[in-house]
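There are two complexes below, and they share subunit A, which is joined by subunit B in the first and by subunit C in the second.
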Partner chain A sequence: MKIEIHNLSKVIRKATILDQISLVMESGKIYGLQGRNGSGKTMLMRCICGLVYPTEGEIWIDEKKLNQDISFPQSIGALIENPGFIGSYSGFQNLKLLASINPTIDDAQIASSMERLGLIPDDRKKYRKYSLGMKQKLGIAATFMENPDLILLDEPFNALDEKSIAVVKDILLEKKKQGALILLSCHDHEDLEQICDEIFVIQDGKQIRTYSPLKESERSKTNEEGT
Partner chain B sequence: MKQLIKLEIGRAFHGRMFYISILIGSILSLLQIVFHVIPASMKIDLYLTEMDSPRLYPGWLFSSWLGGNVFDIESFLFYLLLPILAVLPFGDSYFTDRKSGYLKNVYIRTKKKNYLTAKAAAAFLSGGAAVVIPLLLNLALAALFLPALKPESTAPYGSIAEESMWSGLYYSSPWAYVFAYLLIDFIFAGIFALIALGISQAADYRFIVILFPLFLYLFIYSIAKLLHAHAFAPADFLNSGFGSGNSFSIILGEGAALAGLGLVTFWIGGRQETY
Partner chain C sequence: MHKENQGTVLHQLRYDIYHGTRNNWLQYVGFIFVFILIHSFFLTHWQTLSSHGVVNASPSCWDYILDFFKGIQKVSFTDRRERFDLPIPFLLFNLSLTFTIGKYACCDLEGIGLLTLLQSKKRSVWWDGKCLWCVFHVLCVYALLFLTAFCFSALNGNSSMEFTPQLNQALSQIPTQTFEKWTLLQATFFLPILVSIALAFLQLSLSLWIPPVFSMLVIICLLVISAYFCNPFLIGNYFMLLRSDLVLEDGVSLQTGYLVSSGLLFLSFFCGKICFCRMDFLSRSEIYEN
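What follows is the complex of A and B.
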């Protein structure tokens, strides 16, 4: 999978949320979006999902133009802002309902996605009674249960304990190995730098810097050895 | 598309609110049986022994069941609450899907038009069913107690004027007349659920979505009464016992206008909304 974003801008009521963003992303890599609150990270993800139409610019996914050739990426899992599920359904029922839209996985795979994150598939507790952390875990399970080619995670570590954060990182690295393209945003740059191949820094809707944390750490190591 | 319609219909017909709506309708239905149908059935022998007089025509099924009489308080309440009974099962589901963020999960898995079509179909069918099931229950129970006599135009009550809509059908094939009205009730209940979907695009609160169709229903009723245009009031023409003044073309036109209002608002709003 390849995503190309050309001069993407989004203006809402005269406020520029995204300003001429251009990025290229390829499968088998983890990309990070770094920036303060309100910098435009979430809006960029919404645009890539096809949930929001850009004011200007283009998004190409595998040479298909988003909002023209396709209305959303064909194989995608996304958690944007907050997890969104039906309050009166259990976690498993919610995932099963979503998985039934394009049936590609069975109940066992849904259950295994939940278990991976420490959720109990047979738990009949309704989603509305879930704790914040459980809701977040269910949202993450929904993003990868169908083994999508593209995974977008907006602040995935919110409300998670350290152990769960480690599990999510393991899952992301595993999905990367399997060839998925992963884009995640996080306010904690240390978390991003640990697992990302490339990080886009966004400020006030503008892309101000792109760097590869792994290469930078190697460079600083070499510098230290030199001195 | 088919898969999504199946899923949404499953959600609608297995939801708690569908059963609550049926329960409310059924309670009114049973109360009408207990307080009106059963007492009427107890007087049948008295009437049958004095059949010579048309004034003593016994209470019969087609003029006494919930959807066929205009005198009982339960019937009045049922038709007053009809828009709410129709909206409760699934009419507010688009609003709750949007507010909870569930829509975002759906829109990365299917096209908007698929979801909107499935939602409209499920809301329409569940709204119609929630209204018609209690009516059918009442009709079946009333049939256990009262004779399904052919309506008699000279009877003191329960007769409809000759110029009324489908009066010929009423006097010749009352069962067909009753089921035709049940179909009209089903369709209008479904339309009220569609109107709730439409208002979901603009409403910020769930209670507005649930109550708006009722307000519209009462508004149309008030205007129709004010202008002496009774044939336009769904609160009247949905009850098969009214008959008088009903016009099929008005029912058809008003149904199409209300359905159009609900569907167009829902469709345009749904297509344009971003998340």
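What follows is the complex of A and C.
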């Protein structure tokens, strides 16, 4: 999968949310979006999902223009802002309902996705009784349970403890090896730098910097050895 | 990496039937309760007239349904002596239908609804699926109406599928003996189904521009105004046989009913589809902050 974003802008009621963003992303890599609250990270993710029409610019996914040739990326798992599920259903029931629209996986795979994140598939507790961390984990499980080609995660580490964050990072690295294109946003640049191949820094809707954490650390090592 | 499976309208409809119908089965119990209540009033009325020897046949299934959709007489605002009538079956039935459409179809774009939208692969698939669900839901409700009416008539010893002119005149003030059965069936059942579907589509479309609760209020206002003004463009009139030109000289005609309902249905469907395929799905914070 290849995503190309050309001069993407989004204006809502005269407020510029995104301003001439251009990116290229490919399969088998993890990309990070770094920026403060209100910098435009979530809006960018919504644009890539096809949930929001750009005011200007284009998004191409595998040589198909989004919002013209296709409505949404054809294989996507997304966690945008707070996860939202049906309060009166259990976690497993929620995921099963979601999986029923495009039945590509069975109950065992749904259960496996939940177990990887420390959730119990047989737990009858209703979603409304879940803690914030459990809700977040269920949202993450929903994004990768069908092994999509594109995984978008907006602040996935919110409300998670260190152990759970480590589990999520392992899963993302595994999905990367399987060829998924992963884009995640985070406030904490350290979390991003641990797993991302490339990080886009967004400020006030503009892309101000792009860097590769691995190359930066190699450069720093080379500089240190040189001195 | 993933199994190829394109989203289809049937997949979306299956999800909607599972989530909107099967998992909300309690709402259908509510409808059955409403129908039992209204049919009971009709039965009590029949029993009163029967005990006085005014009528001697027991009501058939279609007699119950005819009375259900009789509505109220055309209201005259100039006659002070005219009694104020409230079309209770008309309001109860339509308000319940409006509420259930709003509760599911119009509100299914938040939380898990957005995830299901992405799964549907195409915006039009989601819209078509939701409209099909509205049709399915309306048909289920009318099927329950028919079944409860049939149960009431069968328990009273009359499982006939014919109208009983003597009862229709005495209990519902509708002279069914002068009309063909097919005309009566259209006015009593098929046209109301079409009108209900048209109103559901209108409600669904309106909820794209205004919050779902306001789209419900718009439909309710339309129905209440229809109850008190006899006009062929006030679509609620086609739920009331007493407003039909079968009974009333200047009443609303079946043909106009089909035209207006079909027009509203297609207009709502296509306008809603065009709007849905072009709209931004923003969170509440994104809408209000900007």
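Quick note on the criterion: the second predicted complex is superposed on the first by the 227 of 227 C-alpha atoms of A that agree within 3 Å, B and C clash if a C-alpha of one lies under 4 Å from a C-alpha of the other, contacts with A are read in each partner's own complex, and residues count from 1 in each chain.
Following the convention adopted for this analysis, a residue touches a chain if its C-beta (ideal position, glycine included) is under 8 Å from a C-beta of that chain, and two chains touch if they have at least 3 such contacts.
The model shown is predicted, which means the values in this text are computed figures rather than measured ones.
Trainee: After the overlay on subunit A, what do you see for subunit B versus subunit C, clash or fit?
Mentor: With subunit A aligned, subunit B runs into subunit C, so clash.
Trainee: Could you look at A:K176 and tell me whether it touches subunit B, subunit C, both or neither (first, second, both, neither)?
Mentor: After superposing on A, A:K176 lies clear of both subunit B and subunit C.
Trainee: Which of the two partners, first being subunit B and second being subunit C, lies in contact with A:F72: first, second, both, or neither?
Mentor: both
Trainee: For A:G84, decide between first (touching subunit B), second (touching subunit C), both and neither.
Mentor: After superposing on A, A:G84 lies in contact with both subunit B and subunit C.
Trainee: For A:D149, decide between first (touching subunit B), second (touching subunit C), both and neither.
Mentor: Touch partner of A:D149: subunit C, not subunit B.
Trainee: Which partner does A:K137 contact after superposing on A: first (subunit B), second (subunit C), both, neither?
Mentor: neither
Trainee: Between subunit B (first) and subunit C (second), which, if any, makes contact with A:I17: first, second, both or neither?
Mentor: Second partner only, subunit C.
Trainee: Report for A:M43: first if it touches subunit B alone, second if subunit C alone, otherwise both or neither.
Mentor: Touch status of A:M43: second partner only.
Trainee: With both structures fitted on chain A, tell me whether subunit B or subunit C touches more of subunit A's residues.
Mentor: Comparing subunit B with subunit C, the partner touching more subunit A residues is C.
Trainee: Examine A:L97 and indicate which partner it touches, taking first as subunit B and second as subunit C; both and neither are also allowed.
Mentor: Both: A:L97 reaches subunit B and subunit C.
Trainee: Take the contacts of subunit A with subunit B and those with subunit C, and give the residues found in both.
Mentor: 46, 49-53, 71-72, 76, 78, 80-81, 83-86, 97-98, 100-103, 142
Trainee: Which subunit A residues qualify as touching subunit C in the complex?
Mentor: 12-13, 15, 17, 42-43, 46, 49-53, 70-72, 74-76, 78, 80-81, 83-86, 94, 97-98, 100-105, 142, 146-149, 178-180
Trainee: Note which residues of subunit C are touching subunit A in the complex, please.
Mentor: 1-3, 5-7, 11-12, 14-15, 18-19, 110-124, 277-278, 280-283, 286, 290
Trainee: Quick check on the complex: what are the subunit A residues that touch subunit B?
Mentor: 46, 49-53, 71-73, 76-78, 80-88, 97-98, 100-103, 142
Trainee: How about subunit B: which of its residues touch subunit A in the complex?
Mentor: Going by the criterion above, the answer is residues 3-4, 7, 11, 15-16, 96-97, 100-112, 274-275.
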